[in-house]
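First chain written, first letter: the chains are A, B, C, D, E and F, and each begins at residue 1.
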Amino acid sequence: MKSDRFKKGWEKLKEVDGSAGEKVIESLKDIAPEFADLLIEFPFGDIYTREKLDLKSREIATIAALTVMGNASAQLKVHIHAGLNVGCTKEEIVEVIMQMAVYGGFPCALNGLFAAKEVFSNEN
Amino acid sequence: MKSDRFKKGWEKLKEVDGSAGEKVIESLKDIAPEFADLLIEFPFGDIYTREKLDLKSREIATIAALTVMGNASAQLKVHIHAGLNVGCTKEEIVEVIMQMAVYGGFPCALNGLFAAKEVFSNEN
Amino acid sequence: MKSDRFKKGWEKLKEVDGSAGEKVIESLKDIAPEFADLLIEFPFGDIYTREKLDLKSREIATIAALTVMGNASAQLKVHIHAGLNVGCTKEEIVEVIMQMAVYGGFPCALNGLFAAKEVFSNEN
Amino acid sequence: MKSDRFKKGWEKLKEVDGSAGEKVIESLKDIAPEFADLLIEFPFGDIYTREKLDLKSREIATIAALTVMGNASAQLKVHIHAGLNVGCTKEEIVEVIMQMAVYGGFPCALNGLFAAKEVFSNEN
Amino acid sequence: MKSDRFKKGWEKLKEVDGSAGEKVIESLKDIAPEFADLLIEFPFGDIYTREKLDLKSREIATIAALTVMGNASAQLKVHIHAGLNVGCTKEEIVEVIMQMAVYGGFPCALNGLFAAKEVFSNEN
Amino acid sequence: MKSDRFKKGWEKLKEVDGSAGEKVIESLKDIAPEFADLLIEFPFGDIYTREKLDLKSREIATIAALTVMGNASAQLKVHIHAGLNVGCTKEEIVEVIMQMAVYGGFPCALNGLFAAKEVFSNEN
């Protein structure tokens, strides 16, 4: 039996990026299935459902953060895809990543742009 | 003689946060005055003036990035202040920082919230 | 009305470090009171209550992580204190931090040791 | 002629993970053979041989640190394997990595779990 | 029409590593061509052309920085190659990377050495 | 009885920055005196004494690394001071730190410049 937070989180994750949600749950099944629940419940059930910030701004924040961290390429691609899903244009996503050269340096921005290039090419 | 990029950057920085610009130029005067020029020219003259992303989204991205990096408290406070200047509500800024618990962990989000608390209290 | 997870988390946090819990809730009261709830619910209600790892090992893991991150000094001190509370000796905590010189470099280990020195001196 | 610290370190590394030690020495042979000596001498000869912390706790600390750093996937896998060697259960290792979602964020925990999944599948 | 800074930067980048410059411009062509301009203009036109520090010292600094950051392997390889171009010996580059074990930990130094090994083997 | 590596390391550290060495040993005396030995032995006895890279280049590398890491302000100041001791000019140190804006972002470079400003003002 899943919690209400899981159900709310799952709905939100589907709105953001349904296929990514299914993939992560699948990938955690045989190593840490309960972590999949926590991943739906806290980030998506508790945080992304909060109403004081729109989803587009949330994805801009996440793309910025994952770009400067520079060590979570798979998750950055998921959120670039999610950004497109919730209404960011490709140009806006590229701008966010370019801006990160100022805060995290040029290498992280370059690697972020290459991640975007890969996601965008899979969109077509 | 300042470059056109400096002039454009200076105008943009004033729009974002005029007093911060003056302070940083002042603080670099006797250690690296040319770095003050570069700081106006590249981040503000080249990046923030680009038109495909609005200033409010730019500040959301920067607040997110500086929160997860967690090692640039002074600059985070400048951009929380700048966020308010360009139209973010306090609630939106708090949401961005809270969301960073997901990507950079709870300590960086906590420290980001304490930075916001300090900036907000100076606003009143 | 607090959730069951909050109640479980609050009990666990009290077991780990009661006064730290009260302080953080107090400190978030006027900036992000709901983040205080999330901080009790997810880390303490969902994670630290899980039974497959003892609390002492959990604090060793957290002290190691916060030492190498090197940007969350206040939280590191809280967990050094918590480590003592759940049965780590001072010597064990010092060993964990020293070992981090191997993974995060000597500066983070030095700063971790200085944090431990401060916490230990407040114990007496 | 190897130093006593090298000999002590080599014995300790064999206890922790013999095959990893041989591989790293082999891999450094033609680029920096003296770094292989330092790697045996300092981390294993000087640190892991210290007696005030048991090897299982040492591996928990290392797995936590490498998970939050998120940029040393090969070394994380070596230490997940070493953790199993010195008496950690798979469940305990999974718990340590899950807990790192609190301190380093969900992406680093996810990537840590995928590393564990790979190591565990090679165990069978 | 390219700016004077672009022209100066392009000349400097050719001096440092001509083929890397062409590759990065090519790779950004269909995702963010203007970022390629910024990458030539700011790092190479504004910074590397400054005369108070020689190019060899600049590459030592960059190799050190990218080694400890540990999340920009492609860029580290470009700068190891550039280091050789501007007069660093292989031994000097290996020494810089080994030294980073002290500041960023052994895993980042190991990964830096493996990057150097790959670059050096392509030199022959 | 100190090891030969300690003696060699101590001589090297005195050459680099004698007063810093005494301070760190003093500061570790009551928390982890054996870590003071390791700090002299490995970084200074094993690494800085190696002959294939001159001390000036070693300090340039360290200043670059500590600037981009951005979480070890005290150690950065020690090495800015050490850089001056081993023959770097103030201008060269400022250039290294400015260059780090490219790799670690503008905030880390700004904070590095403020650290240099503090060290330089204590020189006079």
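Rule of thumb we're sticking to: a contact is a pair of C-beta atoms (placed from the backbone, for glycine too) under 8 Å apart; a residue touches a chain by one contact, two chains touch by 3 or more.
Here the structure is a predicted model, which is why all the values come from computation and not from measurement.
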- Note on the structure: Label-sorted list of chains bordering both chain B and chain E is A, C, D, F
- Note on the structure: If chain centres are mean C-alpha positions, then the most distant from chain B is chain D
- Same or different, please, for the chain A to chain F contact, judged on whether over half of the interface numbers appear on both copies. same
- Angle of the C-alpha superposing rotation, chain D to chain E, to the nearest 5 degrees: 120
- So which chain is the furthest away from chain A, centre to centre on CA atoms? F
- Query: How far is the middle of chain A from the middle of chain E, if each middle is the mean of its Cα atoms, in Å?
  - Reply: 30
- Any idea how many Å lie between the Cα centroids of chain E and chain F? 23
- Message: Two-or-more-chain contact residues of chain B, please, as numbers and ranges.
- Response: 38, 42-43, 47, 66, 68-72, 94, 98, 101-107
- Query: Mind pulling up the chain A residues that touch chain D in the complex?
  - Reply: 24, 27-28, 30-32, 34-35, 38-39, 42-43, 66, 69-72, 74-75
- Task: Mind listing the chain B positions that touch chain A in their complex?
- Result: 42-43, 47-48, 50, 52-53, 57-58, 60-69, 72, 89, 91-92, 94-96, 98-104
- Touch list for chain C against partner chain E, complex: 68, 101-107
- Query: In their complex, what parts of chain E are in touch with chain D?
  - Reply: 69-71, 94, 97-98, 101, 105-111, 113-114, 116-117, 120
- Query: Along chain D, where are the residues that touch chain F in the complex?
  - Reply: 38, 41-42, 46-47
